[in-house]
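Structure, as structure tokens:
Letters A, B, C, D and E name the chains as they come in the text, with residue numbers starting at 1 for each one.
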Amino acid sequence: MTKRIGEVILSFTNISLSFGGVNALTRIGFDVKEHEIRAIIGPNGAGKSSMLNVINGVYHPQQGEIVFRGKARRGMNTYESAKSGIARTFQNIALFKGMSVLDNIMTGRNLKMRSNFLLDALYWGPAQREEIAHRKKAEEIIDFLEIQHIRKTPVGRLPYGLQKRVELGRALAAEPAILLLDEPMAGMNVEEKQDMCRFILDVNDQLGTTIVLIEHDMGVVMDISDRVVVLDYGKKIADGTPDEVRANQDVIDAYLGVAH
Amino acid sequence: MNYIKTVLAVLALAAAACSAYAQEQFIPAIDYRVGPYAAGGSGFFGGAIDYMTLVNMNGGINGVKLIWEECETEYNATRGVECYERLKKAHGGMSLVEPLSTGIAYGLLDRVGQDKIPMTTLGYGRSDAADGRVFPYVFPLITSYWSQAAAMIKYLGEKAGGLDKLKGKKIVHLYHDSAFGKEPIPVFEAFAKQLGFELIKIPVAHPGLEQQAQWLQIRQAKPDYVILWGWGVMNATALKSAQRNGFPREKILGVWWAGSEEDVIPAGAAAKGYTTMTFNTPGNYPLLDEIRKKVYGAGKGNLEDKARIGSVYHMRGITAAVLWVEAIRRAQDKFGKGKVMTSEQVRWGFENLNVDDARLKALGAVGMMPTVKTSCLDHEGSGATKVQQWDGAKWKSISPNWLTGDKAMIRKMVEESAAKYAAEKKITPRDCSKEG
Amino acid sequence: MQFFFEVLIAGLLSGVMYSLVALGYVLIYKASGVFNFAQGAMVFFAALTAVGLHDLGLSLWVAVPLTMAVMVVLGLVTERIVLRPLVAQPEITLFMATIGLSFFIEGLAQAIWGANVRGLDLGIDDVPLEWLLDHANMAISQFDLIAAAIAAAMVAALAIFFSKTKIGRALRAVADDHQAALSVGIPLHHVWGVVWAVAGFVALVSGLLWGARNGVQFSLTFLALKALPVLILGGFTSVPGAIVGGLIIGASEKLAEVFLGPYVGGGIDGWFPYVLALLFLLVRPEGLFGEKIIRRI
Amino acid sequence: MFYREAGQFKATYEEDSRIFPIRQDRIVFAFILAFAFLGVPLLASLGIVSNYTFTAILTPFLIFSLAALGLNILTGYAGQLSLGTAAFMAVGAFASYNFMLRIEGMPILVAFMLGGLCAAAVGIVFGLPSLRIRGFYLAAATLATQFFIVWCLTKVGWFTNYSSSGVISAQKIVILGYTFQSSMSKYLFVLAVVSVMALLAKNMVRSNIGRSWMAIRDMDMAAEVIGFRPIRTKLMAFAVSSFYCGVAGALFAYAYLGTVEPEGFNLDLSFRILFMVIIGGAGSILGSFLGAAFIVLLPIYLNVLLNFTEAATGIDLPSGLSSSVELMVFGSLIIFFLIVEPHGLARLWQIGKEKLRLWPFPH
Amino acid sequence: MSVANAAPEVAGLDTFPRLLLHHGRTQGARPATREKDLGIWQTWNWSQVANEVRALACGLAELGFRRGDNLAVIGDNRPRLYWAMAAAQCLGGVAVPLYQDAVAAEMAFVLQDAEIGFAIVEDQEQVDKMLEIKSQCPALGHILYDDPRGLRHYTQAGLQSLEEVMAMGRSHDHNQPEFIDGEISRGEPGDIAVMLYTSGTTGKPKGVCQTHSSFITAAKSGCEFDRLGPADSILSYLPMAWVGDHLFSYAQAMVAGFTINCPESGDTVMTDLREIGPTYYFAPPRVFENLLTTVMIRMEDAGRIKRRMFDYFMAVARRCGAEVLDGRPGVAAIDRFLYAAGDLLVYGPLRNVLGMSRIRVAYTAGAAIGPDLFRFYRSIGVNLKQLYGSTETCAAVCLQPDGEIKFDSVGKPAPGVEVRIAENGEVLVKGKMLLKEYYKRPADTAEAIDAEGYFHTGDAGFFDEDGHLKIIDRAKDVGKTAGGAMFAPNYIENKLKFFSFIKEAVAFGHGREMVCAFINIDMGAVGNWAERRSISYSGYTDLAQKKPVYELIRECIEKANAELAQDPMLCPSQVHRFLILHKELDPDDDELTRTRKVRRAFVAEKYAVLIEALYSDNDSQFIETQVKFEDGRSGMVSADLAIMDARVFPAQAQRKAA
């Protein structure tokens, strides 16, 4: 089983972000290569989520440079980020509660849809054809994530673990180049975690999606990531393969510090 | 009253479409007894029902009894239309309709034409409906807004010592910012041009709970007179605001919808000296006594508070009912005494009303209302008004005679406006010379 | 310039009156997250009850406390029958329920007291202050000044109530965090009941003042429309916001009507406060003193 | 209970994404439509359904349903609370009137469309604040629309063709030389318009545009992150919603009242329509109809019922009191329904349907 | 059904590939196979299926699959797996379906035994199993999979996706279109078509070789018997390796040309059943039983009015439902009316929610079905019937004809089948549908089929006066008590299992003074029962030992005893003492077969201690048992089991005599 890790597609240099004087991120720099699983770990409050928010344009760093596919960007907003192929999930599930699983996943396809509201209103010809073409894609994702049985269930009624899976599905529906996962395994039991790991690996493996994930649980991350960045108090303290990171004294200190 | 109402309700529900009421003439009471205008609604329809009760007690119209049914509209056009449609065919069909609401009247405007049911709009509604050629089924009886506006100018002129004395004077038109308040503006503007006074128009947004800004403007402008064209809470507020800004109430002349007890009582002492237009002369009349004695004496009165007998709205309701009954009577004269008139026949009655002093005397209402004589051309039939003043406890008439404004001018405006409406709606006006 | 000040002062004074009404909304919204549309109806009901009792021959000194008691009962019953079964429902549902409640209260008021309009004389003459009229040619009503004073006293009383009494502090805790309040053992329903009762009291005071000003009649329910822009501007949850918002709205609406109105045909004080509040919101979406809404993801 | 779904499987996505995937629903719906279009007129010709039913109940019910549908798109689907519905209706009515008046030979349906488009344009302008304001602040802000529009229509004489009364008198509805004059023909006209527009609305809410609205409603941040543009989505909701309200307003003037004043489109009306949405069920096309039926019919039946009770029991309440009691009962019923089912009649219907589908099992 | 819905009567259709081609030609546009996939029922019509099978067959041929080769088919019911069987048969090969839930080691035996060279499997899970045992099965050269998910990085030799093979086949077919037709024409009806491994209650599985002819005969008689035709449809959800599924979903579908429907997954069978609403349905009694239990449990939660309505109409159905279904005269008008009302309010909706609205014929077999259970389905209008057969007889020995339904018989011999009762009571069968042989086991074959051509079923039974066959037990299990009375453990156990609270029972009594039994309670039913009585429990073991539960079970046993007492033959078989086992009998612990039959000997040995305790005076006994968990780990379960006496009844006949 060999992985085809490619070139760097996303890199950060000197990223600093602060909120009203509080530094969330201080001069962070690392890169993400195509097709790899890149983890960002760190104790609570280390700035992991901020980092993710910087990547998909929710936050705009005060300093630093982001290069995505060879193009420098800083002020990219969330829409542009989505358009350029970055999809994400959220730490606290951000599904559309009033909609069914299928509809949630269909929303993920919105950027690929061309039809306008007038055609939608007629639900005829190109609009219907498009809707059905996308439905098929959505169904493939449903199949992939093994959530056939809840296809038409409103997401609000699903248990937590399944909601997380649906959220992953919604992100996948966008066929992203980079998938950002914000604590995909938070709050799950062992079995659900295993399932989620399997899905993440499958996504990476079968769709070739580059994955950047944040996780609190170090064990899981080390098993599935290719490279790991460790943040603590908004600063990068380590970067490397799981084995390298595991051996890093700063990391051990940081985690032990949290454990106390 | 209780018995009648009960019976009517049962009958209405049991067999609304039945035509077993051969000897009864049906008049609906599309009224409003809750909400911001409930006081007016209950007074007006109370008066009308009281009079109709009296007519029935006196043996009906040549033996034909009147019946009526109430329907609550909450002063809401949609519900008013619903009431109209619901009662249209009830009890053998309605003879006429009086919505006492501008909004509902507009909602019924087209419908009454189609259903051939005469609609009276006593002192409100479209002024141009006085042109019976274009509006055959609408009767703005006694006076329309335009006639009233003309009368107001005439009164203010008299007060100033002659119409020519109005030249150079300042008159504020303080109005409810709606179709109602805007209606007289063309008339005032025409007079301002003709008589050379300055007209200052100050609108008050609905509902008019707060008028400090307007009254400061008035204080700033220092007008000679303020015409208060208000409705509902706006009137009391205006009087209070006038007081707090030191503007004498004697110089305020209200429209008749600003001239009831309900408009001045909330203002308390601030209302004292305030003058308004009216088409009833305040006071007591044999007719009122008869109602007190016969109707209330028998416990069949519609008003909960007997003190309101003879109040402005009550008297106005009686006046309306008098005209309805007279129209039916007139129709019976032509189409057969003691028969129930169709609405079409009642319409003819309205178009050929002639309530002269003799008739009023017979009714015991001389002076209570002006004489009314209608025709195909003139659905208003009078145009005469009076001015009354609040003395702190009751209204007193301060114009000994019935006032009428510049009739010719108003008539010209009515015809122009009606013609425009006819053109817009593609209506061919009737030829009155061919009407019987 | 003198006229400008006259308008300004008049506006500020009316603003106080608006604040008084707005206060009732703020109290309930703050404590229970309910936008109580029925506050207008409560004002009407309170004023009508007081006047109705007065007209029955009771002196105001008896009628007002009696009305107060009625308002407390109304508040408690509302909490029990309407709000408690709807707890944890979406805001909009609660809002709609309070509209239903306002229909009920309006119907109840008229069923008990009839639809007739009534005057109310609190014994304060609503006439311009002679001295000012003579010396500055400014017509400032003494009633307005007294009403403003009463409103100020009320705010002060509420402030003391909130900060010094146990129930007041509980109320603030509830406003800050329902969960936290529950966990420290404050009976939520109890607090809500009190809030509704206090709101009833506020309704009574504003009902009396407005009733004395414009007469006691159904149109008092329209006061809600005057209070709304104040709330938007000041923030739904802030007592100082209601005061400052009221002053701003009162003043600006008068100034706009007087100085701007004539250019556009007048009658703009119906919508001007709303547009003003709207524009303000565009700058500060949570209102003047409202809590900043933090969007977390 | 009456559902026999076994064997109704879907072999294509077309079948699966139909509006009524269950055959029994299709049959019932077809029956309702047939009844509305053919049955009711037939009953009328037999004299069973009276003119009153057409003009005072069915026509306003349909028109209010359309307005509620419009508001439901905005509030129920896109989650933007609005209290300015009546204003958009007013724009539709007055704009249609002016198009008819000022352009010779203007077909009425086109005038309605243009009226709706004007409303949509106004909707977009007044929807702009929604980009920054949310919840009740937005609701209160939309009141600005309500008051401002009505003020404008009152103030600017041009809109009412300088009518001295400030009212407009709707022209006759003429299509291809046929004049919709009778109450039944007006009913059918309204029914056709409402049916088509309801279908279009249903199509919208089940396709991408509808999903974008619901996404913004449920979780705006996430919606943005997956590529929905909030500006576009919200304004689109305002535009479409206002379009519907505008057409409803035009129908209100043309097929119902005939002559309307700007005051007719007051805040009261906005509230009534909001009621329809909430009582009927936010986020449900069916709910708009159920809500409209509830709000239109309830007061009428209360009135009739109260009269009847008075008659039956022999207790004669004073007229004022019975009106007040009516209001109290109305208010109480609203509270009652909100407590029983805060998600509206549509949810109740949904639950009932689920129960029938699962019958005899409990839900 | 319409005239169109009749099985084709064309000569020469004597092998499955020929039948397939025939359907492809004559009713090419009609649906043949459906599969719930990607949210909808993907549908293939007969001509598409014929093409797919051609492609697959050509592909297999390309890979070297030859006449007489065996093709293993492993997986859930998937269209392509069914097609694979047909493809193998086109080439004159033999399809060998395996139980998909078997562990790798179990599969290894079959693969070795059948010298499998080609395996067509469903997915990664099965591929992994194949790879695991590949070293033990040197012949296994090709593993073809249907679902490529997760298999991207598998680089093992011989591993290929079906997709590829079919693509290969298509070009092969394109180049040599006559090849496959030639292969098909070389097929003989007497060729072995399929080899089904019997799980066997003892010993290693045996491969039962069935020819085209035998299965087609069996299928045809069934189709004619129940007038099955192209318009019918069936849900294929039972293991493909099981003879029943092969008969219904493959043989009969091929013969009658009806549609088979493959569910989305094992979890969604009930939903899929409801969606498809098949007209023809097969399920083992266990499934019907579970369904009924679900119905009853769900009705417990219903409101009072609804429950009373349900109970009332179910009583009506019990009274006259079966008669109405059979169209028998003598049902009172009022009952007919009530039944019609019940059909509107209860039975119709119930059939609908169970997915049985459209069922014309439903069969059950494989184990005895409780009369109550049987009556329930018939009374609500589901035409449920029993049949009798085994792997060796293509599951087609006896069928219940419409209108002649008896709850305790398995019906009359199918057309063309001869049935005889041997002296020892064993049922002997002869007919075209008999197996050809046990694969590579001539001795076993000779033992099973006697010189006269009768197959010894191993079941004990007898014909009743109407010519209906009644099966009592396995012939070898029928024993004698110490008192010399006949002891048919299965019969007793089944009686007990008819109670919804009892899931499994094992009766002992051979050579003993009295009959005693082990009981497994039904977790769902008893759990629900306990919850409603607010008896709290932590799990099966805990619940099983609750005093009220024992009392509950005792009542059930006493009811069964009372029934047994009715029959003089069986009266001595009443259960005197029983205990409730502390764990559920489990195939993973080898206590049950994969088809969930009790391995009597194994259980007797494993729980010898308990048996001794039953026959002693003890009222409790300690036991510790090793169990295997689902994830493969094992652990110990121990408990102190109570033993309870049950009342026995005097024999009816004796009482009468006395």
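The working rule: contacts are C-beta pairs under 8 Å (C-beta built on N, C-alpha and C of every residue); 3 or more make two chains touch, one makes a residue touch a chain.
Remember, predicted model here, so these are calculated numbers, not experimental data.
K.L.:
What is the set of chains touching both subunit D and subunit E?
P.N.:
Touching subunit D as well as subunit E, we find A.
K.L.:
So which chain is farthest from subunit C, going by the mean of the CA atoms in each chain?
P.N.:
E
K.L.:
What is the chain whose Cα centroid lies farthest from the Cα centroid of subunit B?
P.N.:
Measuring from the centre of subunit B, the most distant chain centre belongs to E.
K.L.:
Need the central chain here, defined by C-alpha centroid distance to the all-chain C-alpha centroid.
P.N.:
Smallest centre-to-centre distance to the global C-alpha mean: chain D.
K.L.:
In terms of C-beta pairs in contact, which of A-E and B-D ranks higher?
P.N.:
Higher C-beta contact count between the two pairs: B-D.
K.L.:
Taking the mean of the CA coordinates per chain, how far is subunit A from subunit B in Å?
P.N.:
Computed from C-alpha means, the inter-chain centre distance equals 73 Å.
K.L.:
Between subunit A and subunit D, tell me the centre distance in angstrom, where each centre is the average of that chain's C-alpha atoms.
P.N.:
41
K.L.:
What is the distance in Å between the mean C-alpha positions of subunit A and subunit C?
P.N.:
49
K.L.:
Take the average of all CA coordinates in subunit B, do the same for subunit C, and state the distance between these two points in whole angstrom.
P.N.:
So the centre of subunit B lies 37 Å away from the centre of subunit C.
K.L.:
Any chance you could list the residues of subunit E touching two or more other chains?
P.N.:
Residues 39-40 of subunit E each touch two or more of the other chains.
K.L.:
Listing for subunit A: what residues touch at least two other chains?
P.N.:
Residues 58, 90, 94, 135-136 of subunit A touch two or more partner chains.
K.L.:
Could you tell me which residues belong to subunit D and also touch two or more other chains?
P.N.:
Residue numbers touching two or more other chains: 13, 147, 151, 154-155, 221-222, 225, 320, 323-324, 326-327.
K.L.:
Show which residues of subunit C lie in contact with subunit D when the two form their complex.
P.N.:
Per the stated touch rule, the residues are 35, 81-82, 85-86, 89-93, 95-97, 99-108, 110-111, 114-115, 225, 228-229, 231-232, 236, 264-265, 267-268, 270-271, 274-275, 277-278, 281-282, 285-287, 293, 295, 297.
K.L.:
Contact residues on subunit A for subunit E in the complex?
P.N.:
Going through subunit A, the ones touching subunit E are 1-2, 102, 135-136, 139-140, 142-144, 148-149, 151, 202, 205-206.
K.L.:
Which residues of subunit D touch subunit A in their complex?
P.N.:
13-14, 17, 200-201, 203-204, 206-212, 214-215, 217-219, 221-229, 236, 240, 283
K.L.:
Sort out for me which residues of subunit D touch subunit E in the complex.
P.N.:
Those residues of subunit D that touch subunit E are 1, 3-13, 15-16, 358-362.
K.L.:
Subunit C touches which residues of subunit B in the complex?
P.N.:
It comes out as residues 33-39, 41-42, 177, 201-207, 209-210, 212-214, 216-217, 219-220, 232-233, 236-237, 240, 243-246, 262, 265-270, 304-305.
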